[in-house]
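Have a look at the structure below before the remarks.
Every chain is named by a letter (A, B, C and D) in the order it is written, and numbering of its residues begins at 1.
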Amino acid sequence: MIRPPRDPDFAQRVRATFARQAFMRLIGAELVTVAPGEVAIVLPIRAGLAQQHGYCHAGATWAIADTASGFAAQTLMGPEDGVLTVELKINLLAPARGERLIARGRVERAGRSLTVCRSDVVAVAGGVETPVALAVGTFMTMPGLDAAQP
Amino acid sequence: MIRPPRDPDFAQRVRATFARQAFMRLIGAELVTVAPGEVAIVLPIRAGLAQQHGYCHAGATWAIADTASGFAAQTLMGPEDGVLTVELKINLLAPARGERLIARGRVERAGRSLTVCRSDVVAVAGGVETPVALAVGTFMTMPGLDAAQP
Amino acid sequence: MIRPPRDPDFAQRVRATFARQAFMRLIGAELVTVAPGEVAIVLPIRAGLAQQHGYCHAGATWAIADTASGFAAQTLMGPEDGVLTVELKINLLAPARGERLIARGRVERAGRSLTVCRSDVVAVAGGVETPVALAVGTFMTMPGLDAAQP
Amino acid sequence: MIRPPRDPDFAQRVRATFARQAFMRLIGAELVTVAPGEVAIVLPIRAGLAQQHGYCHAGATWAIADTASGFAAQTLMGPEDGVLTVELKINLLAPARGERLIARGRVERAGRSLTVCRSDVVAVAGGVETPVALAVGTFMTMPGLDAAQP
């Protein structure tokens, strides 16, 4: 169900696009893995991300799940295609607490214009990963939206 | 479908809880309306919230939709009940650009332990509101979770 | 947000398409309203639709929510366009019991290729409507898919 | 993440509950696998299940995804607990056509009152499985709802 990347430079393109996401910088997320149909993002958990009970706000969890999935979709697109989130649902499985979150996005089905992806988000503490969220979303290929990008 | 608030001090309680959400402070969101079953949050759009095309990152949109809905649910809960997001899906309708976003959360159905809410998010520019997102989510009542909160 | 119908014969086209849905016949659903951006479907509740507690199975509720939304989207499409469900989430608000269900689908945002719709499903008993489900979904316009249909 | 079944007779209980779902009989679905945290349902594709293009209606796909997930959740519940669907989103990946559909439901996270499950639905034709849908939903444990059931 995963087609080979159309763009041999997909990893460099995804990393460059991630770098243009000011919001990812604001929350402190880092892109760690870029592979065909798979992207992983790490978010160190800090006080500035908290909700009222001290856990990482679900908005930060959703944001890295969305970006990991969207870029996973983009690894399979053409060099001038942009990616747009159509919709994404997240189920929260456990409080997001620990040292960091890891969002692993994976393409489930890449169609001509729509790609369905899944993101699993875990919290890491003391080397142990605990699932905290599961998200499934739909992403649209926008031909030419990313033309003339480095 | 909306029962009267159990807690006469619901507005003060919601405002105090919002103030404890460091993430809302990080992104720059403000709580503007608290009414029985309804909460509105404003998010001035600034460069630090952007994704790669310059629009407000969908994560910021989801975060205010989630918080507006969660607090709308909490307006109807008891004075010691906490609220927890179970799941929330967002459909993105248009790019989030303009001066600010407004997320209006509303209770659709308040059950004993679960509340279903809807959030409509608009972008405001030049006095004109444009719908940018629609979200529906489920929130759980956590008895006693917020006990001993000011 | 609702554009005028492109096809002056939209109502006749939607009714003809509904008539080709054998599954709607199987469960006993009827199309009652077709208006620009709005479609209503009625499902008499009978024993053959039940789940283990005697209520109408959520699958029947989802099916009429999906069809009501999909056809609401189709009212605004061109005369040869087909409609395809991309995704749809349903929140169940109360047990589906009573004389019949009514699913009211409405277009929230009609884009070039994707339309977002909402369906509200109520159960009717003794003239009183009780909300039983809320669904939001995404539908894709398939140009030419319904060409040469009567 | 999967706890051992609380009820040694879980398989018999799930099969008996499935047998009480008249809707599953109406559409022609059969329960084929019941294991801790996993349930599979088969739906032979026939003309009575069709939508306007001849494919299996998405309502039938959602119904078996919902039932497979709900019963997967129920395998881990106590002998008198009932299961209730809170919400379920389905992403449709490809047209549902072929000889039969198989919905495989699996528990992702079993909490005290809520269980999150995933269902993968495939279409089978000539021995080849093609993914047609991915669904993630939330199910509530209803203590005592199924008391005094055989």
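Rule of thumb we're sticking to: a residue touches a chain if its C-beta (ideal position, glycine included) is under 8 Å from a C-beta of that chain, and two chains touch if they have at least 3 such contacts.
Predicted model only: the values in this text are computed from it and were never measured.
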Greatest separation from subunit B - chain, by CA centre: D
Contact-richer chain pair (by C-beta pairs counted) among A-C and C-D: C-D
Distance between the centres, which are taken as Cα means, of subunit C and subunit A, whole angstrom: 33
Subunit B and subunit C, separation of their C-alpha mean positions in angstrom: 29
CA centroid of subunit C to CA centroid of subunit D, Å: 23
Per-residue overlap in subunit C, given as positions that touch at least 2 other chains: 86-87, 89, 91, 138
Touching residues (chain side subunit C, partner subunit D) in the complex: 17-18, 20-27, 47-53, 56-60, 62-64, 66-67, 82, 84-92, 145-146
Of all residues in subunit D, those that touch subunit B in their complex: 86-87, 89, 113-114, 138, 140
Subunit B - residues contacting subunit C, complex: 1, 89, 91, 93-94, 108-109, 111, 116, 118, 131, 134, 136, 138
